[in-house]
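Look at the two complexes coming up: subunit A is in both, with subunit B in one and subunit C in the other.
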Partner chain A sequence: MNYLPMIVVFPLIMAIIMNLLHGKEKAVKYITFITAAILIILPFISQYGYYYFGGHGVVDGWVSGIAYLYNPAKQAVIVTLSLIASLVLISGMGEKLTNNMFVTLTLMGFASVAAIVLADDIFNLYVFFEIVSIVQAGLVFLSGTEEAYKAGLRYMILGNVAASLMLLGIAFLLASTGTLNITDMKNYILVDNPMIYGGLLLLIVGLTYGAGLPPFHNVKADLYARSKGFISAMLQTYSKFVLVGLMIVILKLFNGLDYFVSAHGVLIALGVLAMVFGVVMALLQSDYKRLLAYHAISQGGYVATGLALGTPLGIVAGIFHAINHVIYKSALFLGAYIVSHKGGSNLHKLGGLLPLMPSVAFMVLCAKLAISGVPPFNGFQSKWMLAQAAMQVNMPEIAMIMIIVSIGTFVSMMKAFYLIYLKPVDEETLKEYQNKGVPKLAVFSLFVLTALCVIIGIYPDIVTNYLWDYANELGVNYCLK
Partner chain B sequence: MDFQMASFITSGLLVIIGLYGVFFVDNVLKKIIALEFLGNGVNLALITIGYNGRIVPIKLPGVSFEVFAKESAYPLTHALVLTNIVIEASMLAVMLGVSIILYKKYKTLKSSVILKED
Partner chain C sequence: MNSKRDLVVALSFFMFGASILYSLANMQVNPGVNVVYLTNYIIPNYVCAVIFDWRAYDTLGECLVLVVAVMVSWVVFGKALYDNTYLKEIFKAPESEDYITIKGWGEFTPIIKFLAFPMSVLMVALGIVTILGGHITPGGGFQGGALIAAALILSVTAFGSNSPLWFEHKFLERLEALGALTYLLLGVAGMFIGGYYLFNFTEINGYMVFPAPKEIITAGIIPYLNIAVGLKVLAGLSTAAFLLSCEKVIIEKIEKSEEK
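Moving on, here comes the complex of A and B:
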């Protein structure tokens, strides 16, 4: 029996059940724990290959119905996604916010992002793209403040525009090829006509919105900054993997065609702009969560640049950086959540936390070194691969921009570390900090993520081995003269 | 002008009016109405792509299956439009609910006030 559809269907069913358990905190707690355990197992027991829903396979040479494609590269992405979803669900168990809604929305988001990554059917992808945007707004509404409602409403209005335009692009592609299946569409898309250019352009609009690349970076960063720490960890995981999923679809459809050369330029420009804007905005912030939010945008730019290069090495580096990024950025957001229990997230009011929680400070420092690309950690491995990929297509200037942005990241991260953990504070504030507890479950999640940072940093092969086959299939080797 | 071309022009107009309304009108409710224009323009474009001068894709009792398969419009686009209507309705419900919450707080619907970044 093939368990592949359960990756999408099981969280959706659990989301419905959770929705009915309003107010029964204890039942919610136990079922959440079991669900989190099952989520990690599911990607390992599914079989590789195509899956056709309802048994509708190939009819007269055309694929009909919803199709999923599962292979080692997608497995690596979904394992990371389910790992972080489980850790976030476990961290959220200790929190007294309307807990069943949090679990429901997280599971719905997990199902939709997994479906976007798996989908081999472009309309299925659109449906789940819309569900992700509604789920992200819902997760932000959970924190219940005015700013959260404002950020969520702004995000939903722009999201509706971007998703409608993306559907128009899908309509163009459908009109010029007559099919919605991505593997089939690839065979009919070779003809050079303006409808296909329009479709590509409008798909890129959807991509920029889903991934938080410019011009949508401000809305996305606002969304991360307004929600609770562990929810932000989930939100940025969603947008990184939506970026990977949509970019894989675009590369699969168009990579290697004559007119895609100029689209490479556009995508790389979007990635570089996201990198630079993100880090410049992050250097200006005085709120810890906003700082991390803009860094999430900046690192998304790295992922987009790597994937947009379109060579096998670039694709491997892009997906690998996405996986590394969600691991260390989730660790940082969980660190921000633990700190916010002690004294908010305003950098100028915090300080002196190092003697109170030295282990948390050490783990957060590891994550901070990983995001800046310091050798023993995972960020170094993927940034090194990205720079190599940029050099391979003869664009050394992109590698230089990556290194400069890394330095900016390092500066702002160390500034934040000093202001939170090292800056001396007076006795009264210190007493106040000592009276407040630390969420134990979040510390456990933080420990798992930091351990992963070190393990992947020392043995990068355990992830990259999964990615090469699919990257060789999608990628096209070329070099700028 | 044939029917299909007129339909495409209408859908283009709806999309342009919708985009104008979302970005340049200073009222959250009107922005949401403009979003509906945009979505309906896209739906109309989808249906028109499948139309191609043929009959409605509903199999009536008198029509044999061969004739129906040859003469009906492309039914896939209609299925897509149905799904899209459901998604848009749920998005609309959430957006209207949140605008009510924000209206209670600020006593206005001006988007320059209630959607201001800070």
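Moving on, here comes the complex of A and C:
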């Protein structure tokens, strides 16, 4: 039997059971640990290929039901996703307050993002896209401050607009092709029909909202900044993989068509704008979590640019950077969570934490070097590939912007490292810090993520080998003249 | 500065709208996969066949949208990971003129009280019929569930918290979870019997899953899926209405979290 739907269905079942276990803290804790372990196993025991729900395969030449497509590239993405989800769930168990809603919403979001990545049916993708947008607002509400409520409400209102526009785009595509299956739709797209252009435009609106590209970058950054550290780690993982999933769909449908050449321009522009806006805003921040939030936007721009190039190398680089990014950015957010246990996240009030937790400081430094693209960490490998991909299509200016943005990232990250860990503080504050504990489960998760940063940085092939086949299938080689 | 910004926003909205209208004006509809849905007979109600058989997994997703929405509204009203200091301030604030509760709406005329209860009983009955007959007549789980929830909301609006149709919020929560779980587990059962998730099986070891007269093709698990969706929708919508109208429960919840 093929266990592929279990990747999505198992977390959904567990989420609903968790919802019923309100108030039973011990049961929640143990079941969460078991669920976290099973989440990592599931992607490995599923079989590759098409999976037709309800047994409705191809009838009269049309794919009639809902289909999933599973291949090594999607496996790499889902394994990363489930790894981060498990580690975040484990870190969240360190909290002393009631946390069953946190587990429920995280599992729901995990299932939906996995469904978006797997789906070969564009309406099914939209349904789960909507669940993710509600779940993200809910996870922010969990932080329970007034600002978190405001950020979540703003995100929900914009989400209504953007998601319904995306639904309209899907309706356009359905009307003009007569099917919802993505592989099938590709064969029936009429090149001279303006409705396809409209559908593409509206899909891009959904993409920018789901991924936090401009013009939605401020709302998304607010969302990351206002929630607790480990929740932000989950939120940014969701949006990176929603970006990857939707971008793969757009590339699969439109890559290689005549009019997509100009759409490439639009997508690359969105990515570059996100990169530059993110890093410029990050340099101005004095709050650690806000700084990290804007960096998440900026790195999302890298992913979008790489994927939008549309060449096989660009697609591999984009997905690889998405995987690397969620690893080191989750490590950084967990680091921020550990620091916030000691004394908030205002950079000007922190300082001198290095002697108190040298191991955490070292691991966070590794993640900071990874995000700035310093060898031998994983960020270097994927940024190198992205720059190569940009040079390959004869757009050296994009490679240059990437390097300049990397330098900006390095500057702001080192500033934050100095202000948190190295800046001298007076004796009283030090004593105050010593009295406060460190969440041990979060330190464990941080350790796993940092180890992954180094391993992938030294052996990038263990990830990229999975990605090449699918990228060759989707990508189109071209060169600007 | 501000007027320039307005101008840019107006221009971009105009361009966006114009491009969507342009593509709508060139609409060419392709019947496509709909022909497949119409030529392959499953049950008398074609809409229900598309929703619960051909694309049953989408319906599951839509149900889960509602489940998540209700969960998030619970989170908003204080079922949370962190203590809701912000909520405490709002709900502990003294009542003022613009603070709307059901009590503040005042009494209704007797005619509404006289009509509301029989009306809501009728609506519940109609909702049950709509859910159970969803596979042969127009209707289905969503519509029937919404009807029952509407009956509940009507009765709560007319009578306040003394409503004769009243469910405890814990009961509603369990009902919703039961509906969603039934749907998910029926899909898993299909996986074990037919090899595919949400496979529409009609019999297990020779026993009909849903007994039907011989001249009608049996509907398989579709009626059960209808019931599951109906339970979930009725519980979900009434929980949302309940949460918005009954701040007493929310204050109790906040007081409980204060004790900890």
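We take it that the second predicted complex is superposed on the first by the 479 of 481 C-alpha atoms of A that agree within 3 Å, B and C clash if a C-alpha of one lies under 4 Å from a C-alpha of the other, contacts with A are read in each partner's own complex, and residues count from 1 in each chain.
In this text, a contact is a pair of C-beta atoms (placed from the backbone, for glycine too) under 8 Å apart; a residue touches a chain by one contact, two chains touch by 3 or more.
Just so you know, these numbers come straight off a predicted model, no measurement behind them.
Undergrad: Determine, under the contact definition given at the top, whether A:G198 touches first (subunit B), second (subunit C), both, or neither.
TA: second
Undergrad: What is the contact status of A:Y478 with respect to subunit B (first) and subunit C (second): first, second, both, or neither?
TA: neither
Undergrad: Of the partners subunit B and subunit C, which touch A:S164 in the superposed model: first, second, both, neither?
TA: Only subunit B; A:S164 stays clear of subunit C.
Undergrad: Can A:W384 be said to touch subunit B (first), subunit C (second), both, or neither?
TA: Neither partner.
Undergrad: Under the stated touch criterion, which partner chain does A:A175 make contact with: subunit B (first), subunit C (second), both, or neither?
TA: both
Undergrad: Check whether A:I66 is in contact with subunit B, with subunit C, with both or with neither, and answer first, second, both or neither.
TA: Second partner only.
Undergrad: Give one of first, second, both or neither to describe whether A:F33 is in contact with subunit B, with subunit C, with both, or with none.
TA: In the superposition, A:F33 touches no partner, neither subunit B nor subunit C.
Undergrad: With the two structures laid over each other on chain A, which partner does A:F123 touch: subunit B (first), subunit C (second), both, or neither?
TA: In the superposition, A:F123 contacts both subunit B and subunit C.
Undergrad: Based on the superposed arrangement, let me know which partner A:A137 touches: subunit B (first), subunit C (second), both, or neither?
TA: In the superposition, A:A137 touches subunit B and subunit C alike.
Undergrad: I want to verify the contact counts: of subunit B and subunit C, which reaches more residues of subunit A?
TA: Of subunit B and subunit C, C contacts more residues of subunit A.
Undergrad: Share the list of subunit A residues that count as touching for subunit B in one structure and for subunit C in the other.
TA: 123, 127, 130-131, 134, 137-138, 141, 146, 149, 168, 174-175, 178, 180
Undergrad: Name, in rising order, each residue of subunit C that touches subunit A in their complex.
TA: Touch residues, subunit C against subunit A: 16, 19-20, 22-37, 39-40, 53-58, 61-62, 64-65, 67-69, 71-72, 74-76, 79-87, 173-174, 177, 180-181, 184-185, 187-188, 190-192, 194-200, 260.
Undergrad: Residue numbers of subunit B touching subunit A in their complex, please.
TA: Counting only subunit B, the residues touching subunit A are 15, 18-19, 22, 28, 31-32, 35, 38-39, 42, 45-46, 49, 74, 76-77, 80, 83-84, 87-88, 90-91, 94-95, 98-99, 101-102, 105, 114-118.
Undergrad: For subunit A, which residues are in contact with subunit B within the complex?
TA: For this pair, the touching residues of subunit A are 123, 127, 130-131, 134, 137-138, 141, 146-147, 149-150, 152-154, 156-157, 159-161, 164-165, 167-168, 171, 174-175, 178, 180, 218, 222.
Undergrad: Can you list the residues on subunit A that touch subunit C in the complex?
TA: Subunit A residues touching subunit C: 1-2, 5, 9, 12-13, 16-17, 19-20, 22, 51-56, 59-60, 62-66, 92, 95, 97-99, 101-102, 104-105, 108, 115, 123-124, 127-128, 130-131, 134-135, 137-138, 141-146, 149, 168, 172, 174-181, 188, 190, 193-199, 201-202, 228.
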